[in-house]
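Here the structure is laid out as structure tokens; the discussion comes afterwards.
Here the chain labels run A, B, C, D, E and F in written order, and each chain numbers its own residues starting at 1.
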Amino acid sequence: MRILLLNGNISTSVTESLAAEARMYAAPGTEIVATQCSRGAAFVASRASEVVAANAMLEAVAAYQDQYDAILVAISFDTAVAALREMLPVPVIGMTEAACHVATMVSARFGVVVPGARSAAVYRERMVGNGFGPRLAGMRVVGPSAAVLYGDPESALQSIHTAAQALVEEDGCEAVILAGAALVGMHHRLQPRLPVPVIDGIACGVGMLETLVRLKLPKPQYGSYALPEPAQLEKIDPALAELFANPQPSKP
Amino acid sequence: MRILLLNGNISTSVTESLAAEARMYAAPGTEIVATQCSRGAAFVASRASEVVAANAMLEAVAAYQDQYDAILVAISFDTAVAALREMLPVPVIGMTEAACHVATMVSARFGVVVPGARSAAVYRERMVGNGFGPRLAGMRVVGPSAAVLYGDPESALQSIHTAAQALVEEDGCEAVILAGAALVGMHHRLQPRLPVPVIDGIACGVGMLETLVRLKLPKPQYGSYALPEPAQLEKIDPALAELFANPQPSKP
Amino acid sequence: MRILLLNGNISTSVTESLAAEARMYAAPGTEIVATQCSRGAAFVASRASEVVAANAMLEAVAAYQDQYDAILVAISFDTAVAALREMLPVPVIGMTEAACHVATMVSARFGVVVPGARSAAVYRERMVGNGFGPRLAGMRVVGPSAAVLYGDPESALQSIHTAAQALVEEDGCEAVILAGAALVGMHHRLQPRLPVPVIDGIACGVGMLETLVRLKLPKPQYGSYALPEPAQLEKIDPALAELFANPQPSKP
Amino acid sequence: MRILLLNGNISTSVTESLAAEARMYAAPGTEIVATQCSRGAAFVASRASEVVAANAMLEAVAAYQDQYDAILVAISFDTAVAALREMLPVPVIGMTEAACHVATMVSARFGVVVPGARSAAVYRERMVGNGFGPRLAGMRVVGPSAAVLYGDPESALQSIHTAAQALVEEDGCEAVILAGAALVGMHHRLQPRLPVPVIDGIACGVGMLETLVRLKLPKPQYGSYALPEPAQLEKIDPALAELFANPQPSKP
Amino acid sequence: MRILLLNGNISTSVTESLAAEARMYAAPGTEIVATQCSRGAAFVASRASEVVAANAMLEAVAAYQDQYDAILVAISFDTAVAALREMLPVPVIGMTEAACHVATMVSARFGVVVPGARSAAVYRERMVGNGFGPRLAGMRVVGPSAAVLYGDPESALQSIHTAAQALVEEDGCEAVILAGAALVGMHHRLQPRLPVPVIDGIACGVGMLETLVRLKLPKPQYGSYALPEPAQLEKIDPALAELFANPQPSKP
Amino acid sequence: MRILLLNGNISTSVTESLAAEARMYAAPGTEIVATQCSRGAAFVASRASEVVAANAMLEAVAAYQDQYDAILVAISFDTAVAALREMLPVPVIGMTEAACHVATMVSARFGVVVPGARSAAVYRERMVGNGFGPRLAGMRVVGPSAAVLYGDPESALQSIHTAAQALVEEDGCEAVILAGAALVGMHHRLQPRLPVPVIDGIACGVGMLETLVRLKLPKPQYGSYALPEPAQLEKIDPALAELFANPQPSKP
């Protein structure tokens, strides 16, 4: 099967890192293809730039011509997951929700390390919004911002380690999620230093999608994830307009 | 003070209806100005078209040159409220969250009449996401879809009345919110027929914003609603790119 | 319009301070009138004295002869709000619930500074009882008791500042409510020192009531806030007995 | 031991019925004494009259001169329980919270039959406020009001039976609480007709208090149920004023 | 009445300690009899050994020939309570759920001292699963494990005292539960040092059962606690097989 | 990889049906092996027989000598999942929790069809206990009991179809889980008749475990799922005693 990894920003190097990580965990026979937005931010760091990214992600999917069986939303806010899940005939999952699913399969309650105070509330809203509130035991912020954090990986590793330890020892977390797509791969270095599973969303998302593809569940014909009625949207990207005008009930 | 009513679709006639309703409830001295998106849907009826609308709403705000003191998001999904609240130095509120606030001031628990099964989950996610779950006693769907419902106002009125009565008598709701911007004004006709307050979000939003403007609370300098760092977003609408590049710490 | 500010204790000087604060935020055309209880405590500091205050507040309203359009309950436990909302034909709101409403309009989650450990559970019960649990991120106690705290305003200011900072930095609160009517006005001094909005309930309550009055929602005729049946209560304050015997379906 | 049953209204006949019911379930050696309010309503049927009852209940306790070891609040809104628990050195429990405790010991989730739509929200607020929300599976209203219901006991019995069956069969309730002090004793007639336990609060309250008295837990010296500081309350009932001025740290 | 105290492990000395504690709080006329498992662990310290204990507890009950009116499950995980409640015609309660019930009758919110990080999640699951989440304010772990803790009672007492104080002062707990059957009796020494009630489950369970026995509630004939249909279980303990084959609808 | 499907009852024919279903969804390279309990019930239909099954499942695992990489608990109550997850070095998941995970990936909120009123509360406890409460929109009971239901598959199919439709149309469920291992395979027939995904836990469990095995998360060394200390359990099944005495830190 082919999984399309969709990066929510415009950085091809980030796309490549994410895809490489995804490929490490894919089952035999699973191919990871990847794309990113053609406009927007190099790094989504605000609620507002996420809005731009969401729109650009729809455009990127509309523009993507090759076949695929599922979409992995590879931006840690799980941007546009609900819209893509509604609009497309294939399974869609976000990397952070995938991490939360896995965390609840290996722990009683889990914790999250969050890059920058600005993003803490956003992650909490998404996790609680997805229903993970009863299993979320703690959230710790590292770094003044994600940008600063990512600028100094060694220092970041140390800060994240300290935060993760506090989640375990003070908040009783039995698994730790590293939030932030830019942290992808850091779990390889962090896991040996921590007594609980360290969970990265990309790896989890690949597995969840493989499962969903094999389940062959039908596209809903009722409710908020059924295919929308065809609609004429004006003055938007032509490929996206075409997608709205002719939503596809079966796989590309 | 001036309140900017921001319609999330491209219909100027809907904008005018919404603005007229807003003006009916504005305090003396409050001016309602209004704008809408320059692209997107005539009617936002899916999760996916909401993503397009959110982006277009940011563009509309970036393009809007006149002064204003607050923004009323006049699309019933409360689209882009969090992003606008973050990005702008003025208060922002959505019409549906405003309705929920008012409902909890006049009832023990409230109910919602929702146009179309497709939108029920979306409204619930927003209301619960905003923390109104403990006060939400029921939600009833009317019509096969919002589009069909709005196409026959007399029939819609009857359906909504029946649904609202069921919310009161079967679910114990002590106030009823009419969700859906296209229903604006219908509460005038429905209220005389129901024994509990019927709440329309536009009117509520005007009052909430008047309050917020008078409170003169400072723009947060911490957390998820603080002004984002300046950012270069590529290949997006020039006015919006300028807003991201130079976020304004004080009122326009 | 006229808003009746109802102080739950017998101190006219507190009434005056509260009314002065209310007037600072009232819209043009809003008149603030004020009254207090004729019996009870100078300062409501226990669950038991709140019971006495609630009864005295009903008596105060029964005795109040002038016209008004809404009632602002100016005691920070929001004492008797539900009973007044039921019994009277005009909107009623409590200062603390009003503060919570506003806090959720400007922050992801908010925190509360509470005077004295004794009152912490009471505030939490009220806030959670009003449904604000999902948005309440932290509560910090200052001072051995409210009485001691209010006795030394400079020291109180410092303690409150420290507590508020901890709410922001450790608990991730994006707005801070100062609970306690006796703290009224302190937010003016505290706001410049904190990076998030500092919220005072009196100001918020004025705005919420102005909104409710303009909405002209009808008195419920169903449920727990409908006007009670006339009832003969024995051996109680004559004016209050008269109010129970002849509940007024329209504004005084 | 002696348990003081405190009726929240002024009807001595209701007091006697309640006391008789309590005596049926008391352990050997437990004496039930009873009193009621000297002013207020014959029947508490509104949020407002409950406020008056709460004050009168404090007065009744202040006036009560004999010794007792615990107080059973025999008014189904559990009026003034928190204030009495704070103010007195002995255990205090309300009949409805006692019923909820017992219901959760014999069922997975329970339901409640409520007299009159007006009171449904109040019972729900109390039960959820006491933390029983996760175990509350349904609430059904019978009768236009409690007054009408109590006026025709045979018809009431039939209505309650129908409501209770619906709680069991449609809502999956595994126990049923009859709310409303005026329904006391009806469970004797209803139990044989229902396949799940029918729970009356008076009987439960007696047992809970016997337990609490035997546990000999100390009066809290910290928090919201610690004895308040002595306070001078003006122009109130002399015996109650004395109680506030000299709160008793040990049993009367 | 006779209450059967059922110890979930095989230690007769622990059974005796627990029974002695129970007798201290039993009402006049209540006889405490006790038994324990004939196989399994001397101390249940894991989720897996609890599974073995649950099965052994059913066997112990099946083997117990004398009469009794209720069962007190005297293992602090409340092991097998639901199964016993279903299978037997008499009331059953667990010591920890009993403690939670009492804690909510004397405090606004309570805290728990837990022996060993391994058991913290288990206690939380049970308490939240029983619906006590809204009243649970804090949980503090003492000791590397329960085994180590119990091996040095003096040191344990000090650690528990420190943890309990933190629950009160930092988390605002107004009562403290000591979790862990092996801690039975320690509350006698701890109570004088703490300003809030210290609650031991054995004492609470005795009182709850005395109440339930006096209530004479019928065995449910509907739902998850109704007597199961007779069933043939193969190759299990003969006495237990007999109990499954002939569930007893009335008291032994 | 090899997944061990563990049936909680003693029926080899059920084991084979479950294994056949599992094999339909397994990825290339995944081998499904299966076993069942050597004692207990042919069909687990009560809380009490589940206790026996849990113990027998531990014994079955202790007795199982071949290698495997993960365990799928193929009994719809998810019996003993937590104990196995703790005790074993490999991933463990229950079929019903797996179904819930998948349901939340394809719907806003899901519903459950439950065989028999007796089991409804048990499924709810498990689902809510696993944290799925916020996503659970409805639960409908079919049949007087699971046994009766399974005895007439055609009639069962019709009943389940009706219940599932009600979940969709009345409760707004966007996916439906069929609870009950004995229903395995029925989703193949039901799916074509329903407009939303119909979810069977066996298929979901296989995918979740394939994911977990590929993630290679380490066995926790902290918390409630860390390997227990070696313990001597007396008079139990020898193989199980050996497992407790020598818990294996790495895969069999």
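Methods note: a residue touches a chain if its C-beta (ideal position, glycine included) is under 8 Å from a C-beta of that chain, and two chains touch if they have at least 3 such contacts.
No experiment lies behind these values; they were computed from the predicted model shown.
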### Query
So which chain is the furthest away from chain C, centre to centre on CA atoms?
F
## Note on the structure
With centres defined as the mean of Cα atoms, the chain at greatest distance from chain D is chain A
### Task
Examine where the copies chain E and chain F touch and state whether the two sides share over half of their residue numbers (same) or under half (different).
same
### Task
Calculate how many whole Å lie between the centre of chain D and the centre of chain F, each centre taken as the average of the chain's C-alpha atoms.
43
### Message
Measuring centre to centre with CA averages, how many angstrom lie between chain A and chain F?
### Response
28
### Query
What is the distance in Å between the mean C-alpha positions of chain B and chain E?
51
### For chain C, residues contacting two or more additional chains
85, 108, 117, 120-122, 125, 128, 134, 172, 174, 222-224, 226
### Task
Check the chains against each other and report every pair that touches.
A-B, A-C, A-E, A-F, B-C, B-D, B-F, C-D, C-E, D-E, D-F, E-F
### Task
Would you pull the chain E residues touching chain C in the complex into a rising list?
108-109, 134, 172, 174
### Message
If we count contacts the way the header does, which residues on chain A are in touch with chain F in the complex?
### Response
25, 27-29, 85, 91, 93, 97, 101-102, 104-108, 128, 130-135, 168, 172, 174-175, 191, 195-197, 199, 203-204, 206-208, 210-212, 214-215, 217-218, 220-226
### Query
Where on chain A does chain C make contact in their complex?
117, 120-122, 124-125, 128, 139, 141
### Summary
As the complex stands, chain A meets chain B at residues 10, 38-42, 45-52, 54-55, 58, 80, 82-87, 117-122, 125, 128-129, 145, 147, 222-224, 226, 228-229, 231-236, 240, 244
